[in-house]
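Structures are listed in the sections that come next.
Here subunit A shows up in two complexes: once beside subunit B, once beside subunit C.
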Partner chain A sequence: MATAAKSTPNLQQGDRQNAESLPTRLLKYFGLMILNAFALLLVYSFFYDGNPGLSLVVGLITLFVNVVIFVPSLSPIRWMAPGLALAILLVIYPITFTVQTAFTNYSNVDHPYPKEQAAQQIARVGGFYVGENNPIYNWENENTFVNAEGVYALWITREVEGVTEGLFVAVGQAAVSVENPTEVPAEFQGFRRMERREVGRALRDLQSASFGAGEETYSILRGGQVAVAVPRYVFNAENGTLLDQSTGNLYVGDDSVGFFVREGGNAENPNDILRPGYRVFVGLYNFTRLLNEPALSGPLVNIFIWTVVFAFASVFTTFALGLLMALILNDSIIPGRKIIRSLLLIPYAIPGVISILIWRGMMNLNLGIINDFIGVEIPWLNDPFWSKVAIIVVNLWLGYPYMMLICSGALQAIPSEVYEAAAVDGANPWQRFWNITLPLLLVAVGPLLIGSFTFNFNNYLLITALTGGNPPISGSPIAGAGQTDILISYVYKAAFSNQADYGYASAITIVIFLIVASVTLLQYRFTRTLEQVSENV
Partner chain B sequence: MNRKILVLSVLLALLMLSGVSFAQEAAPEDALLIWADGERAPLLTELGAQFEEEFGIPVVVQEIGLGDARDQLLIAGPAGEGPDILISAHDSVGQFVANGAILPLTLDEEQAAEFTASSLNLFTYQGQLWGIPYAQENIALVRNVNLVPEAPATWQEVRALTEQFQAEGTADYAFVVQTGNTYHNFPITSAFGGYIFGLNEDGSFNVADVGLNSEGGLAAAEWLSGMYTDGLMPPDVNDDVAFEFFTNGDAAMFVTGPWFSSRIVEAAEAGGFEYSIDPLPGAEGGMEVGSPFSGGQGFVISAFSDKALEAETFLLDFVATTEFMQAIFDQGGRPSAFVSVDTSADPNVAAFNAAGANAIPMPAIPEMGTVWGASDQALTAISLGENATDAMNNAVVLIQDAIQLAQSGSRVVTLVGSLQDEAGCAGDWDPACEATVLTDEDGDGVFTGTFTLPAGDYEYKIAINQAWTENYGAEGAKDGANIALSLAAETEVTFMFDDSGETKVITDSVNNPS
Partner chain C sequence: MSSNAAPSTYKHEDSRAVMSSRDRAIGLTLRMTAISIAILFALFPVVFIFASAFNPTGDLQTRNLIPQVDSFEELFTNFYSLTSDPEVLAQYPFWSWIRNSMIVATITTVLSVMLTALAAYSFSRFRFYGRRTLLLGVLLVQVFPNLLALVALFLILQQIGRLAEVIPQALPFLAGIDWGIFLMFGLDSLGGVILVYLGGAMGINTWLMKGFFDSVPREIDESAMVDGATHWQTYWMLIFPLVRPILAVVAVLSFVGTFNEFVLARLLLRSPENWTLMVGLFNFITADFSRDWGKFAAGALISATPVVIVYLLLQDQIVGGLTQGAVKG
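== the complex of A and B ==
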């Protein structure tokens, strides 16, 4: 029976595909073509932007989508293909990337780039090294020449004991000294002086050009200076070393610390390393740092407790108020229910950050309208206790319409016979609510309450926009850690308060994920118990 | 049939791909890309057109917040999508340099003379110029002349004035300051003799010397604490709240910078009072005047750019001209860093500049990130009634911790061995014991410590960072053998560990008498 039921739709599927008309099929292939074109473009640009991992993932996803569409036996899952593809790209890949980053020292403090990029930045910032005996000449943009073949030349000058000396250097030709260095002619040895706009467009070529011939080749340095010069740092990609041509020191890439360290020097000595450093795998360093550092032994326990309290209190308060509103509006004796319900939904419709900022203004100790109105000076955003109250109050305002919405829906779904039976048995309204409405409602909205819990567990926006985590916890080892910080905002401060420290932040994120996952798991247990309740009703 | 369509689709896909990538290549490749904040971006687009006309180089301006630019550059730069030039606050320069993200600049004497010396100073880091400043700023004391006819000379006077106001009911407060904001509170700290970082002999910042809990720093914190706990200054004040207090006459004075200049003029007109912008008060037992921080904004060249010479031309031949600087000044808000700019349009520029006469350049070193966080936190805590000394000490510990973490050079060197309990430790061979830590006062990598030991035979080694992971023994060898030490009588022994080279050297004054 089961096998027959399975094979029949497959046959139908195949039939249907064969029956597709040509225009439909062409349209389908055309759509796929556009998709493929964009995917290939992404693969290409990710690869060349130094992101081979992401490029590979996009490529594999595209391949997967194509296979699903072209292999007939896979066609039943084609409806899921876009979802799966997006899940891989937007969920699985970032998770892998985060986990991978957690084991590196990637940070904007000292290790922002891959090795080659770090070497390149050191070389670029290092610029040119002019040997001690090589004179430095001045060059004005407008003293640039070009000949008919498009060869560039520079007219450069320098002062020697009050006398101006001049040189004319063309690319590939030996430098010629000029007689009247201060009077730049319009034409010189078959070269003509360029217009300013022309020079502007040629600057990029001039920047990389070597003027002169043989040993004596001049390069353009910074600030309109020209001299016989060599690049200060030379990177040898084969053995990963940087040679400092000004001192002769060789800097060897030390892959255990992620710095180029002077040969014979010490990686711990700031004078022996070149900055920036580069990214390397550091094993469990970020996790041990988390354990050893005051970040964890510090206020983390307090913050964790407050996070849980906040998440529970938010769900409870919003659900209680939302349910109350839903029950009231569910009663047909209330006039103008639709209008009231629409009005009550307004807080939900306004972007959260706007409401939060308005609340923050209203709760200001000195000028806030709430304190003006009630005539008591409550330090809403400054006191450890009141700031927590403020957060729960604002979240109640933001969250109850959602709860009202889902409760209204779920209330409709409770069959009226159950109430009739209860009425026959002589149950009063209070008993009906506790024994019928609430259990049946919880079955329907339970998963949504868990969703709401996890959402509030990570409600970064509310905390950051309303209190910024303030008031501060005194003696906290993390700058700015506050009484109202929840885990996620605390992590942000721990990892980013100074400079983006991606490796460390990823490690903390993983730890938080484990916490949230276990809390959620516990809650699923709890809902399963609720489902059993409903089966028994 | 199917196969034909497949081939066709692949071909078409390739065709489209080439088309799209060609379109992508063609557009802004030649142009000089500038990242500017929302205020400056439209102006730069306008001036950019002028630059293209003169120099033949097109300019494209992208709007990006000053705060975001720093992290964004490190992401976009390596991908080849970063700007060639960007606007930066001077205090980001240190981090940019550490990241190898910007290029140094050279000005000749003539060009340098066109800028105020202090503004160039702001963009100089490790003896090298890294940016072309266009604005510099500092805060000053803004005073309602009708309420306070004469500027107070000290913060103690400010306090007395507040008490008088509250007794007479003239106004709620004589003075308000932004709560938990190190930048705005710094003139108070400096007036009492406090500072952020001490200076080395060569004028660079000594990050080991944090002055927030120096004698002066604590005096300033005490003053603030007294103002808050006695109800003489309100907590929970930000820029807008402070301005609001000032505008409606509830506070007679507040501190702010030139970015409030036009709003102050309007408020004074609307409120019918006269205002004055004065240098910041000093303190009894401290300085004669308080020093604000000076800060600046300028243009820097991205080290990821392949158009360094064009970018340099833009900065030296176009930005560093009176026309450009005048245009950017006329947009308002910030005093110019360029000497020849005509500032008469803003009546407050001179007053703000006067208040900045003894301004201290806001440190541009990377360590400042932690300073802001920790110090802001301490100031907020003080406004909420926390003990001033505790708050400041906490902040300093925080800052020192972060700096130690950031500086890979700092190592803890501990003498470990059977002599440890004689030298004041709880047990022997304990790398975590604080009593036998050797110190390196001058930072040359040579750690020393002197201990008085009773007669006896001992063995010892050197452990690094309070763990056995890295330790040194006989002849400075890593994980080397224990070093024996025999004392016939009670002796004062000096131990030395030379950490500066690849080969470590361990000596003591008994085995290796000099």
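== the complex of A and C ==
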């Protein structure tokens, strides 16, 4: 094919041969304009929402699309622009994001936001502070008013030296003193008193509303009190500090731990820090944590060993059974080979989730049909040892049809002259298998075995659907880490359980990637795929 | 290396000549025994799920592989309750799952075949700077499985969904427009899952399709060009119809693959009415394993049967794809 391509260089000229008509071109530019406006909207909104990374990526993709459309020599790229744009957003960007996250303390619980956003969050949920000279009023739920426009108002009272004073404050209007604070009317200045149930429904809106106007705005505090209040924590963006107005403590952002720490306090002391913390780069901390923290590294070592054992055992058992069946079926004296092959293929055809769940039912300790048929009580899915056996058995069932298919393909490609020569030399069938069939077969299917290894190394589906990683490892800090968890299912738990520790999960992800990538590189070297690819394109 | 590559195949004919007929009979018996055991191993779960599905008691404790029923209708107890019992449907919206799976698989397949066919045509027909790098890049990026980027994918979709409320805040003059459309591509939406699947569409499929396009003689293009056709016209009216049969096979396999996909769908789809069939069936029995077993079995039969038929019909094409290194996900 490649030679045919070189003989027709005129095709490179692309669209230059066929100049577009003016209406087509105008239509194209109009479409591009709309696309760009939309992209700009996304870029700005993502940035506004505190996600500059995504904002940048969308911007770059837009730039790429524009360049490709305006530069005539890039016209071949236009054909793949939609696919590339999606791949950049949903494959390349996630990879860079994961790499970057591995070096941060990003977690959904302790360090969810960038610094400034975290400070704003602390200020927002930190409650109110009432200055010493500001009066505090009482508010009963039933003393709530609303007018025809849906504006809320409060009727609030306080005792001053035995006398009750009252105020009527509406949202956006200055407070009014009332003459008879103890007698709450049904109607007041165009507002009507709300029913108890109405108040209950509006409570959330009421609590976030500020009543009154100008400097004198009242907020509902805890316990039905109302006062002119300011947020308890005030963020100073210039020096990055938070001031607690109720105690006068100053909290300074400590960028090495990602917390606002009380001045003179200790970051290790939970009482000296404000939550949530913020995201910072922590260098190799997540990686050293993998090795140094006994609570983490203990389970991790077990999980790593099991992952490797599982992947090896899966490849070995499926290959052995698949090869055996391929050898048997390769002989033309077997009747009905086509039908047998189809029947043996069925495990491969059933959707993975479904067949794994069927096995899970069959392996149930008390109700499962397997124990019932054999007449034993093997705790297939509840015991550390037996659950590992169960996983390998099920994976054998799932995987051997694939091995059978590739082996029978490879067997048919071994030239019969080789066997004839061996028969002449007096080799028996056993010798022929070990000295001819297996070596020649391994050359052909070797790379696929490596591929199968990397596939099983990340066989999240099998583990999750069959055992869920159970039985649990006692004392693991990552909730639910189990004896049968492999690395990828452990990552999933680290990232999406209660801790939501994205930084730690990403660090393990990088480790997995390095392992898989080096194995794959081995595979490519083995098959010289890359060289072939380069020659053929 | 492909299954049909060798016309002269070794079939042990020579060994038969030197064996006595008694040896041959023993050999055949041994082989047929091994085959029988293998078939038993392969089909036992299948028989079991049939038995569970048609067993009217509907729990896991199936002691008889032949259901004990009094009437023909009783056989379908589990199917009835799964598909039409309002109480069951309120908890497990089975029809929504089927609909969601169909929507996701259809749209993903159509769009990804279109995206990759366009890219493959360009790789096959144009020679441009960076072509080789791009082709290799498309292949190498797949070394990083998208399973490993779960966190990032999760957060991207979350961020897209948030746009519905962020845009009115960020740009108040646009607040009048309903930006709810972004919710259809956010977390817990079918659009979001489709988007993620499409992100991984380029890859090995681009390579396979480029191979197909390469096999179409370039003289066809040239004659069309001479007649004044644009590249787009050549592609759409000449080349595309020629490769359509192969694209159809790729599309069917891509459909089945998407239909079966579980890991990403489980992470990204959160509420029961948005689940796909596989996520639904998974959650079905994690809720109350034994009690809902019969209904799960019925659902499993309904969803697996078409897929199995497709696989058995397309056996040979699948074998061809396998030897090129594709592993079923």
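By definition in this document, the second predicted complex is superposed on the first by the 270 of 537 C-alpha atoms of A that agree within 3 Å, B and C clash if a C-alpha of one lies under 4 Å from a C-alpha of the other, contacts with A are read in each partner's own complex, and residues count from 1 in each chain.
In this section, a contact is a pair of C-beta atoms (placed from the backbone, for glycine too) under 8 Å apart; a residue touches a chain by one contact, two chains touch by 3 or more.
Please read all numbers here as calculations on a predicted model, not as lab measurements.
S.K.: Quick check for you: in the superposed arrangement, does A:343 touch first (subunit B), second (subunit C), both or neither?
M.R.: second
S.K.: Please work out whether A:36 is in contact with subunit B alone, subunit C alone, both, or neither, and reply first, second, both or neither.
M.R.: A:36: touches subunit B, not subunit C.
S.K.: Go through the superposed model and pick first if A:303 touches only subunit B, second if only subunit C, both, or neither.
M.R.: Neither partner.
S.K.: Look at A:511 in the shared chain and tell me whether it touches subunit B only, subunit C only, both, or neither; answer first, second, both or neither.
M.R.: Touch partners of A:511: none, neither subunit B nor subunit C.
S.K.: What is the contact status of A:267 with respect to subunit B (first) and subunit C (second): first, second, both, or neither?
M.R.: first
S.K.: Of the two partner chains, subunit B (first) and subunit C (second), which one does A:44 touch, if any: first, second, both, or neither?
M.R.: both
S.K.: Report for A:409: first if it touches subunit B alone, second if subunit C alone, otherwise both or neither.
M.R.: In the superposition, A:409 contacts subunit C only.
S.K.: With both structures fitted on chain A, tell me whether subunit B or subunit C touches more of subunit A's residues.
M.R.: C
S.K.: For A:364, using the defined touch cut-off, is the partner it touches subunit B, subunit C, both, or neither? Pick first, second, both or neither.
M.R.: Touch partners of A:364: subunit B and subunit C.
S.K.: Do subunit B and subunit C touch any of the same residues on subunit A, and if so, which?
M.R.: Common to the two interfaces on subunit A: residues 41, 44-45, 49, 51, 364, 367.
S.K.: What residues of subunit A sit close enough to touch subunit C in their complex?
M.R.: So the residues of subunit A in touch with subunit C come to 1, 4-6, 8-9, 11-12, 14-15, 17-18, 41-42, 44-46, 48-49, 51, 54, 73-80, 82-84, 86-87, 89-95, 97-98, 101, 321, 324-325, 328-334, 340-355, 357-362, 364, 367-369, 372, 397, 401-402, 405-406, 408-416, 418-420, 423, 429, 444, 447-448, 451-452, 455, 458, 460-461, 464-465, 488, 491-492, 495-496, 502, 505-506, 509, 512-513, 516-517, 520, 530, 533-534, 537.
S.K.: Quick one: which bits of subunit C touch subunit A in the complex? Just the residue numbers, please.
M.R.: 1-3, 5-6, 8-16, 24, 28, 31-32, 34-35, 38-39, 41-43, 45-46, 48-49, 52, 59-63, 115-116, 118-119, 121-123, 125-129, 131-132, 134-136, 138-139, 141, 143-156, 159, 162-163, 166-167, 169-171, 174, 195-196, 198-202, 206, 214-215, 217-218, 221-222, 225, 228, 230-231, 259-260, 262-263, 267, 278, 281-282, 285, 289-290, 293, 296-297, 300, 303-304, 307-308, 310-312, 315, 318-319, 322-323, 325, 327-328
S.K.: Going by the contact rule at the top, pick out the subunit B residues touching subunit A in the complex.
M.R.: 2, 5-6, 8-10, 12-14, 16-17, 20-21, 30, 54-57, 70-71, 74, 78-81, 95, 97-108, 180, 234-237, 241, 244-245, 303-304, 306-310, 312-313, 316-317, 366, 369-370, 372-374, 376-378, 380-381, 383-384, 386, 390-391, 394, 398, 401-402, 406-409, 411, 445, 499-502
S.K.: Across the complex, what residues on subunit A touch subunit B?
M.R.: Listed in rising order, the residues of subunit A that touch subunit B are 25-26, 29-30, 32-34, 36-38, 40-41, 44-45, 49-51, 70, 108-110, 112-114, 117-118, 121-122, 124-125, 127, 141, 196-201, 203-204, 206-207, 220-225, 257, 264-270, 273, 275-276, 294, 364-367, 379, 381-383, 470-472, 474-481, 493, 497-500.
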